[in-house]
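Several structures are given next for inspection.
In what follows, subunit A forms one complex with subunit B and a second complex with subunit C.
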Partner chain A sequence: MKYINIDKKNWAGGLENLYGNYRLFGPAKNNKHHIFKELGKGELPDLNYLNTLPSPKSIAFPQSETMFEYSLDENKKGHHILKEINKDYSPRALIGIRPCDAASFLLVKRNFDTPEYKDPYWLRAYEATIFIGLACSSPYSTCFCTSAGCGPFHEDGLDLLLVDEGKNFIAKILTPRGEKFIKSAGWETEADPTVAEKIIKNMKIKAEEKIASFVSTDQLKNKSTTRLYDATFWDDIAFACINCGTCTYVCPTCWCFDIQDEVSRNSGLRMRNWDSCMYPLFTIHGTGYNPRNTKVQRVRQRFMHKLKYYVDRYNDGIQCVGCGRCIRLCPVNIDIRKVCDIMNNYGSSSRLET
Partner chain B sequence: MKGEGFEKTLKKNDVLQENCKICMHRNPVIYDELAADLLDEQKDIDRYEDVRKIEDMATENKWKYFEDLLSPCIRCYACRNACPLCYCPTCFVDESKPQWVGKSTDPVDIRTFHFLRAYHCAGRCTDCGACERACPMGIKVRLFTKKLEMDCLELYGWEAGLSLDERPPLDTYRPNDPEDFIK
Partner chain C sequence: MQNPYLPYPVRIDEIITETEDKNLKTFKLVFLNPDDEEKFSYMPGQFAELSVAGKGEVPIGIASSPTEKGYLKFTVNKVGLVTTCLHSMKPGDIIGVRGPLGRHLWDTLKGKNVVIIGGGFAFTTLRSSIVYMLDPLNRMNFKDINAIYGSRSPGMLLYRDELAVWETRDDINMHITVDGTDDPDWKYNVGFVPTITEQKAPPGNSDTYALICGPPIMIKFTQPVLDKLGYAHDHIIMSLEMRMKCGIGICGRCNIGKEYVCKDGPIFTLAELDNMPKEY
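The block that comes next holds the complex of A and B.
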């Protein structure tokens, strides 16, 4: 494994060299919180942050994305044909993404990149993106990544991991793309791998010790889907929920969308927009019948999807990376950690459990 | 307040919700039993300082101000869902037959939602602050409803939520209703 020492004095200069080769995205302060935004020339990512309020999923999955345009004007060439919109898929770098969010891209990929179906919009954007992670040294009290399949120094999904050592970053190169990125920035000082490895290991242990909350997920797979579905605890869990959908919009791993046509006179657009299982409109039929007509049903869907259907379908953990956004931002304090434990422990004292 | 490596004492007024700071009705208006003693109401409070500041802006600045205010909105509708006075079975933004408002992040659709919601609340909003508290993006949504709340007070002498017997001003007609704003 190769490690590079980046003196912070050379940080801005390196980014300057990268500008032009990559579209650079990084955290920036907006109002009182951080968001990921495209950085202009000379603009530095603000790495003094815990995590962005909205997740960076929009880099590959914008809240609203136009896919096609069309014209019904018979005097125009190619009228009545849906035409794809040209987009910028040139290389882009996501600088300072947290390990949980990077892991979320791999998780979401399961949905957008399957043997039967490949989502061209998500995949093209994903493939154009290089992920420069920033290891976490002081997590939120709501971070529970270590029990959700990743952790503050987790490397899956990253091309490069930056570890902040105060005056410098240690950059751990994880992929050839990461190596190319480092080269084109001109950061060349190699660090002694044994020393770097040791520093990172120690920092990692310290960071993991600071993670204060956990979920247990080991029993989810064994639970009967129908028994969980019919469980009586859903009423209590859903009681305070206002079905605002915030939890799903800010979640890096929620991938649902709705397709809409917008027509004005004789031209139009076909776009897709985020959607959420928390909204009644998500499931309403053309007839007006809604199979998920109550709040309880919708809350149950969210948790069953993340913590049961996904678990059964992919056999690789839960559909959650433990970033804690849904917990921090839920206006009524519904906490996925508690729900996960309730589901995981459900019926464990009962002999009838199958 | 304590956290890792810091301790801080905060003044209550610095962390109170904006609407609580300027509340003039800290005593319940309607109750069967009162669990504690009545409090002195706050006096000499300027409830509408922020509204007037916006009113005094030049038109372009006002537009820019609201544009910036709404730019982080993700249209999750938490503000609407948290609101105790929204009572429509289907909100106008959720109508699908026909669909009145676009679903994208187009600023026009976002504004349509906010302006219409505010007008729907005119004369009924008590400035409880639930919308602002629920907004995940920290948008000061009350700035829309407060202007209308102020107008209701100034034009009709009406404060919402104080009487069960009177109908709200936008729900009634009196021959002597002020009409100088109709041009």
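The block that comes next holds the complex of A and C.
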């Protein structure tokens, strides 16, 4: 494994070198919180942050995205026929993504890249992106990544992991794409692998010790889907929910979308927009019948999807990376960690079964 | 990379008003690019997204059979934005078709007795199934074929001309019924679908499969009848409906438990449904 020392004095210069070869995206402060945005020439990512308020999922899955265009003018050739739109899928680098968010891309990939169907919009954007991670050394109190399949120094889904050592970053090269990126920036000072490894290992242990909250997920696979679905605890869990959908919008692993046509005069676009299982319109039939007509049904869908249906479908953990955004931003303090524990323990004690 | 969201352009070749309330129209569609017909290789029970530029898409069961070449048929109930627009269109207009979507279970049905039970306007994919099975090249692959089809009144039956022909054939036992009629010349059954099923359907056994499509109330009362007749739950095949957008198991809205109705269905056996949450 190769390690590079990046003196912070050379940080801006390196990014400058990268600017022509990659579209650079990074965290930036927007009013009170951080978001991921495309960086202009000379603009530096603000790496002095815990995590962004919305997740960076929009790099491959924009909140609103055009799919096709068409003309409704009957005098024009090919009117009413949908046509693909040329998009910019040139190489882009996501600088400073947290390991939990990087892991979420691998998780979401299962949905957009299936043996039967490939979602070209998500997949092309994903393939154009190089993921430059920033290891976490001071997590939020709501972070529970270590029990959600990743961790503050987790490497899956990254091309490069940056570890902030104060005056410099140690860059751990994880893929050939990461190596190319480093070369393109001109950061060439190799670090002694043994020393770098030791430093990272110590920092990793310290960071993991700071993750103070956990979920238990070991029993979810064994539970009966219909029994969990019919459980009586859903009324209590959903009681305070106002179906605002914030949890689904900020979640890095929520992938649901709507498809809509937008027309202006004689030309139109087919678009896709984020959608949310919190909303009644998500499932309402043309007849007016709605299989998820009540908020309890919708809250149950969200948690059952993340913590049971996904677990059963892919047999590889929960559909959650433990970033804690939904906990921090829920206006009524619904906590996925508590729900996960209730589901995981359901049926194993008489108290929870009632 | 092939874009699974891109519809094939088609021209509306013919529009047939099927029912006396004029709410059901059959659209005969012809591919603008002949190559697309080959790519759209389907089986009865599958569906497609009909795409109207400027309005959106709507998932509709395929009413034509793959044995009918050169066109696709969809029978559309006028309900919402897209279907209302479709009902106002005319032959020659250009729309789109995306699919075929969903799975089918024809491998299971080969060599078996097939009992078709349909009600109201849910008969479309069952029509496809009957035409497919009765095709001279396919008929020997199935044993006895029974079909029970009912609607509120004679004027609400779909495909009336074809029904009359099937009624006279000896390679299918066709049982047409209506809830009620004051037509003195009505020569078929009068009674709800569950009642006629009880009277006419053969008893269940390991060689006999029932295919049911209809309104929830019909399904609710037909199921006990099939239980009584001895049909095992893995020999009862049903088609579900859900609000859909992508049709390929990606957009996330049509799940029942871990199954997506669009991709893992819309056909499920009752045995499969017994193990899924009752959220439909």
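Keep this in mind: the second predicted complex is superposed on the first by the 348 of 354 C-alpha atoms of A that agree within 3 Å, B and C clash if a C-alpha of one lies under 4 Å from a C-alpha of the other, contacts with A are read in each partner's own complex, and residues count from 1 in each chain.
In the analysis below, a contact is a pair of C-beta atoms (placed from the backbone, for glycine too) under 8 Å apart; a residue touches a chain by one contact, two chains touch by 3 or more.
Quick caveat: nothing in here was measured; it's all calculated off a predicted structure.
Engineer: Who does A:V195 touch here: subunit B (first), subunit C (second), both, or neither?
Structural biologist: So A:V195 meets neither subunit B nor subunit C here.
Engineer: Applying the touch criterion given at the start, work out whether A:I284 contacts subunit B, subunit C, both or neither, answering first, second, both or neither.
Structural biologist: both
Engineer: Contact-wise, after the overlay, does A:A240 reach subunit B, subunit C, both or neither (first, second, both, neither)?
Structural biologist: neither
Engineer: As a test of reading the superposition: which chain, subunit B or subunit C, is in touch with more residues of subunit A?
Structural biologist: Of the two chains, more subunit A residues are contacted by C.
Engineer: Taking the superposition as given, does A:N30 touch the first partner, subunit B, the second, subunit C, both, or neither?
Structural biologist: The answer is first: A:N30 touches subunit B but not subunit C.
Engineer: So, does A:Y309 touch the first partner subunit B, the second partner subunit C, both, or neither?
Structural biologist: A:Y309 sits against subunit C, while subunit B stays out of touch.
Engineer: According to the stated criteria, A:D258 is in contact with first (subunit B), second (subunit C), both, or neither; which is it?
Structural biologist: Touch partners of A:D258: subunit B and subunit C.
Engineer: On the A-aligned overlay, A:I205 touches which partner chain: subunit B = first, subunit C = second, or both, or neither?
Structural biologist: neither
Engineer: Just checking: does A:Q297 make contact with subunit B only, subunit C only, both, or neither of them? Give me first, second, both or neither.
Structural biologist: second
Engineer: Taking the superposition on A as described, I'd like to know which of subunit B and subunit C A:A12 touches: first, second, both or neither.
Structural biologist: Once the two structures are laid over each other on A, A:A12 reaches no partner at all.
Engineer: What residues on subunit A does subunit C touch that subunit B touches too?
Structural biologist: 258, 260, 284
Engineer: Show me the residue ranges of subunit A that touch subunit C in the complex, using the header's touch definition.
Structural biologist: Within the complex, subunit A touches subunit C at residues 67-68, 70, 72, 79-82, 84, 111-112, 114, 116-120, 123-124, 225-226, 229-230, 255-261, 263, 268, 270, 272, 275, 277, 282-287, 291-292, 297, 301, 304-305, 308-310, 312-313.
Engineer: Contact residues on subunit A for subunit B in the complex?
Structural biologist: Residue list for subunit A touching subunit B: 30-33, 35, 53-54, 63-64, 138, 210, 242-246, 249-250, 258, 260, 262, 271, 273, 276, 279-281, 284, 288, 329, 331.
Engineer: Taking the complex as given, what residues does subunit B use to touch subunit A?
Structural biologist: 4, 72, 74, 76-78, 81-82, 94, 96-97, 102-106, 133-134, 136-138
Engineer: Which of the residues in subunit C come into contact with subunit A in the complex?
Structural biologist: Within the complex, subunit C touches subunit A at residues 1-7, 9, 32, 51, 53-58, 79-80, 83, 93-96, 241-243, 245-246, 248-255, 257-258, 263, 275-277, 279-280.
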